[in-house]
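Shared between the two complexes below is chain A, which pairs with chain B and chain C, respectively.
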Partner chain A sequence: MKKIFFPLCLVAAVAFVQSCKMKNTASAVIGDADSKVYVAPGKYDEYYNFVSGGFNGQVSVYGLPSGRLLKLIPVFAVFPENGYGYSEETKAMLNTTNGQIPWDDQHHLDLSQTNGEQDGRWLFANANNTPRIARIDLKTFKTVEILQIPNSAGNHSSPFITENTEYVVAGTRFSVPLGTEDVPISSFKQNFHSTASFISVDKSSGNMSIAFQIVLPGMNLDLSHGGKGPSHDWFFFSSYNTEQAYTLLEVNASQKDKDYIVAVNWKKAEEYAKAGKGKKVAADYAHNIYDESKQTATSVIEHEVLLLDPKDCPDMVYMIPCPKSPHGCDLDPSGEYIVGSGKLAALIPVFSFSKMIKAIGSKQFEGDFQGIPIIKYEAALYGEVQKPGLGPLHTEFDDKGNAYTSMFLSSEVVKWSLKDLKVLDRAPTYYSVGHLMIPGGDTRKPGGKYLVAYNKITKDRFLPTGPELAQSAQLYDISGDKMQLLLDYPTIGEPHYAQACLASLIKDQQVKYYDINKNGNEFVTMGEKKTNVVRKGNRVDVYMTAIRSHLVPDNIEGVFVGDDIYFHVTNLEQDWDIPHGFAIKNNPNAELLVMPGETVTLKFTPQKQGIYPFYCTDFCSALHQEMSGYLRVSPKGSNTPLKFGTGDIADASTQK
Partner chain B sequence: MKTLTKPGRISIVIVMLFLATLWLFPLWRIDLRAPQYPGGLSMQIWLNDIKGDVPIINGLNHYIGMQEINKKDFREFIFLPAAILLFILFGFLVLLLKKKIYYYIWSALFIGIACFSFYDFYMWEYNYGHHLNPHAPIRVPGMSYQPPLLGYKKLLNFEVLSQPDIAGWFFIGTGILLVSMTIYEWKKNKK
Partner chain C sequence: MKQVHLLASIVIASLLIYSCGSGSDSGSQSSSSNAAGDSSMVTQRDKTADQAVLDGKGKGKFTEVKLTHPLDKAMLAKGKIVYDVKCGACHKLTGEKLVGPGWKGVTDRRKPEWIMNFVTNTDEMIDKDPAAQAMLEQCMVRMPNQHLSDEEAMNVLEFMRDNDGKN
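This part shows the complex of A and B:
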């Protein structure tokens, strides 16, 4: 018996060891999380949360703290669901110098500000792939302007704004040669440049225009943020690939210990531009504006931009060394601290704006980067957050003097104090957080209640849906000393940066419907008596009205194969939430959603003879299913007379 | 002929002021509520106009074949203001002549106008709710849609509440004041 006792103990010990498991991730929720995110039926969320759509090219709107999806705003991608990019009125929005581009990669958002606080007027969005900036009107949640950025590629450090929305910026991630010269890729150092574009925003209309572009050395500008308060006149961009690699960047752009924070004095740049220090160069770019009164977008190709070269403009641009390939470049609410999040660094450097100004004054430089002075690291440094975690990407701030940095590699949010740079708390994210967001967390007046982590990897967080998964987000309560995980929810597209504002800021300014009497669309039909079908050559304009529950005209004849038919559908309703839809069989085009008081146009060029039913696609009323009609398309060259109407019943005896 | 008392004369001025509110505020309001109209719909009847969500109500009513409400279809919007205006002018006359008998006639005139107005309003509501287009998409056998003159009624998916609005209360107040002052004058007469 004793002989067997020892081996048995050994077996038991081994069995015990095998039963040890890695900690699992399902059990992180503690306390009263459920009641904190429960928004009872009929109640509203406290915040509007605008979330970039990444590769879906759209902006999604969530409510916080519930995490409920409220809307998808089409911005840089066509949206067949409501006809954005398909209707004649909106096609021009996606126009570029290379024609209509139906998609883009939408990364970052910024809400317009006045005195460093959100003012609820506009939301700016960037397109990374084909450099563009969009402006969304927060009264209608519609994209009302898109401006293309020339002399740039990879419009990543964008669309961040100055404190009074004087400018929205666009920075180059993929340096390219300026102009249209054909050069070898290997001539990167000589010929490739990044640019920092400053786009002025008209105070009342919001209309954008490129004021000037600052020409910088070839490198990758990653993210940026404008100064606040004392640093109001400055803009800060993070950079990587200051190695100036043009191939295998993952190795070749990760060699130097430090890249730079690029500090731009935009007030000075403004003066230089005014003083004629810039150079006007030819550059084509599209400027698309949706005119609310005409309900129609127009696209204009501009032909010139003003370039500012730091060589001709001293004291305009400085470099601050920052370890290592920094991503986030974030200013604290006071405007004094600049946090560079070096994604490959093991610490987070915090720079001091006042020290930077002193260093510039006393010329504490350590050389230059292609002519731009480099400030000594220590001369601008306020301090370093030691051992914060792995892969710091982005930092936002609360109202209590704390900073929160996302850690991509160690999958966590790290809370630290701006005062002594000590780490205060850590909370795991699921998984690999990219950006994080605190409502107003990049303004002078941040909130102190919620933080959302936008993760890059989802894996097992939700019911599996095949190989392609939704993205995952986590909501945290940050009101206490410890961060508390409240909610896990899927997001669509691939969220990068996001913004949130108190619902009360914009809730009551929402347009409920358009006043039909102010409808300035060229093709409006003011009432059923004005409905018409007009032929000009092979163009047929159908002036159609929609009201519960009929379309006028709903019988159209005398149209031929190959005609270009334009259905101008006017929704005559004047009540909230009574849209009508419009679609026609075999149309290789999308549908329309027409809001009350609005006119939208759908083009259809029938290729074959036949009877084509059309109908309202938005369940509008008890008689929605009856809201339909027929288009008769006769063979080309036939003599079917033009005839249209609603409610006319032919005498049966005359029919063959 | 007996002379009007001082309170009697003051009441004439008050009545004229009360009736002036008819040009400033609506007389009557009809509120409608249905699940898909969380904010409710409302229609205000003025001395010479009908305001509020009339186009929306018209849009809904076409399903059940009710006529459209149009301001120009109401002759009342012409003769009612005229009648009230004349009544006010008579008030000045009563005030000048200071005779009880004219006060009694004046009060009776008001009661006449008021009774006719309510009768007319009721009849309009009756016609509006009963004369339905026989080709209406929705026909509920035996159903009519006459809104209540005063109070609450359920009509299909809508709850309807009809009640006086600000000027309506002044109008009612006028009636009460005139009747009670007539009694007051009558009693003073006997002493």
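This part shows the complex of A and C:
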């Protein structure tokens, strides 16, 4: 369940000693912490905090500083709350070349940016297991696009963006053979590759498209971040298993003193792609788009990608040696410093972008990695943070020139200065911290008030709930010299990376309801007069409306066992926060939640004769309990006439 | 959560206890708790209410509505379209109550300003206008704010007047 880094047990004994230094809560929380996180009833939080859900495939949204959970956004997972992935309109969102996949492992998030600052338009999310990138619209908090990534596996160093959201980048953690050839696992060195996919993002629609994939040697790309300012044209990935092991990675991928930061000049890559230096190859992948005007998702299978091989594209990719099995790869707000967090290293190397460029210019190389030049470590190094703690994983930045690195093994956040690389402060976490998040902490304009640490292990922190415990978030005040722990709260799923933005950036753009007159759903019912039940062969379309507090039609007869019944439920309400639900007894295809002005479709294929009540599942009004109806399902081959209505039950045979 | 609120409001309604919801300027959740009231107490409170409410014009931006004579055929046709999509689910064109009251005679019962304010400023009207509050006690469902534009509301008013045989 918890992602424990087994290689680290080599130093576990040392960590054990270190952990004895952990303070208890009483000494860690000081004085006025409660007033700093108290958001009075009816008041809003200062920040939206988007948190990856890990193995639940969702994104959760919290308010900061209160830590109040505002919403779960289904992304790569079917969602019982609102029927995402179950409704006919959303089934296509989870389609892949291997059919519908009900959930995935969602690790990292990135908010769209313009000029290196958050612009409040979209949130990007990765699926780690079956490689995909999703785009969430921040006006509706809905997943509106999912793009599958071919030639990849373990889509971990994703979805990080360039500073104008020109590209969303997806990198391979598990190298795999390209194409479909059947090869032995032991041919890893010859046949297996990692790839870095650059997905272009349309400036106005946000629609994604794989522009090119850079083919890299077999290794594990772990995390990545885009350049900023002077390093705008570059993208940086951490890598491990440059030993190219394919079994017992715990030992075999931890042999070398250094792995690499992979530096990719994506501007160059773009030029090479335009100049025809790439190779178009066959590759199937699903591209799913939710059309907000039609309120319906479609899935299209694409058949081709453009591959760029560094051999054909000089000056496009360089390797910077980095100790040791680096995890996080983070750029400071100026874009000059690249922090590689070697998770097995006892120091944090900080690289200088300008030194790297000089080293490339003067060819200070120490060989190559399968044809890719390796820059000399010292030639790109700005300096090392000495004795920061054990198991450095991820680094975020504040607005005062400080960096904050999570220490998985020693369970602490370490604050250090970018200027002189001196450790300034340490704060314990409870326990085994993974990612850190400062609002805007990976942009050109970070905040300086809060830091959140996401912990893998919570053990004694909350009331015990059996063997499976919630993971946690811990909020720190970082406005002073010393970090101050303010709040400790359980989270949903397994948070990895997170993002946060000022509430004012997106609060006022929220869609409150859908204008019924603009409802472009193919199966909309524009008013009760248009409600209908239409049979075509064994397909029955029910055009149903919902408004406080009745469904039309609420009596339906003349439907038979084995019919495919599609309930197209249109919510006629035009007011904020008045959804209606729809559920029908014994339907294995779950339930719906229909927003005001929206049409959503639930399919039901009754297997047995009987009377099936249906009802609104969202307590909508004082007469909500009355908001219900009956479907009569007659035996196959019987001659029950088609009849439906509410109040006056019309015989369909006498209609039109 | 909604369930609790609404159940609570039913209980309050049955006890006929009027709770003065200070600061409930909008939102169906907060206002549902003060939605049901003893009408005599409502009347008392409304002695201090503004003149428009006392005039039976309701609360909202419409203080003077100019009616068309004769009826504008184009407007009432548009009003019918709005009725079919946004109103007809709850209001019959006869005097019969469905979810809300039937529309027959509504333009005799209410001033045009009251209708315009109720249709465009629904939540505040339900919270503050005595006639709207009295209707809520009868219907037990807050009229949904269907977000009609001013123009749509005028068209609906024209359609109502046609339904009442006005010219």
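Here are some notes:
Just so we're on the same page, the second predicted complex is superposed on the first by the 621 of 656 C-alpha atoms of A that agree within 3 Å, B and C clash if a C-alpha of one lies under 4 Å from a C-alpha of the other, contacts with A are read in each partner's own complex, and residues count from 1 in each chain.
Basically, a contact is a pair of C-beta atoms (placed from the backbone, for glycine too) under 8 Å apart; a residue touches a chain by one contact, two chains touch by 3 or more.
Not measured: the values here are computed from a predicted model.
Overlap between chain B and chain C is detected when the two structures are superposed via chain A.
Here chain B and chain C are compared by how many residues of chain A each touches, and C touches more. Looking at the shared chain after the overlay, A:623 reaches both chain B and chain C. Shared-chain residue A:548: touches chain B and chain C both. Of the two partner chains, both chain B and chain C are touched by A:575.
By the document's definition of touching, neither partner reaches A:327: not chain B, not chain C. Touch criterion met: A:527 reaches chain C, while chain B stays clear of it.
Looking at the shared chain after the overlay, A:156 reaches neither chain B nor chain C. In the superposition on chain A, A:513 makes contact with chain C only, while chain B stays out of contact range. Touching of chain A by both chain B and chain C, each in its own complex, is seen for residues 547-549, 573-575, 621-623. Residues 513, 516-517, 526-530, 545, 547-550, 552, 572-575, 577-578, 618-624, 647 of chain A are the ones touching chain C in the complex.
Residues 2-3, 6, 9-10, 28-29, 84-86, 88-90, 98-99, 140-142, 144-148 of chain C touch chain A in their complex.
Only residues 547-549, 573-575, 621-623, 626 of chain A touch chain B when the two sit together in their complex. Remark: chain B residues 55-56, 59, 63, 137-138 touch chain A in the complex.
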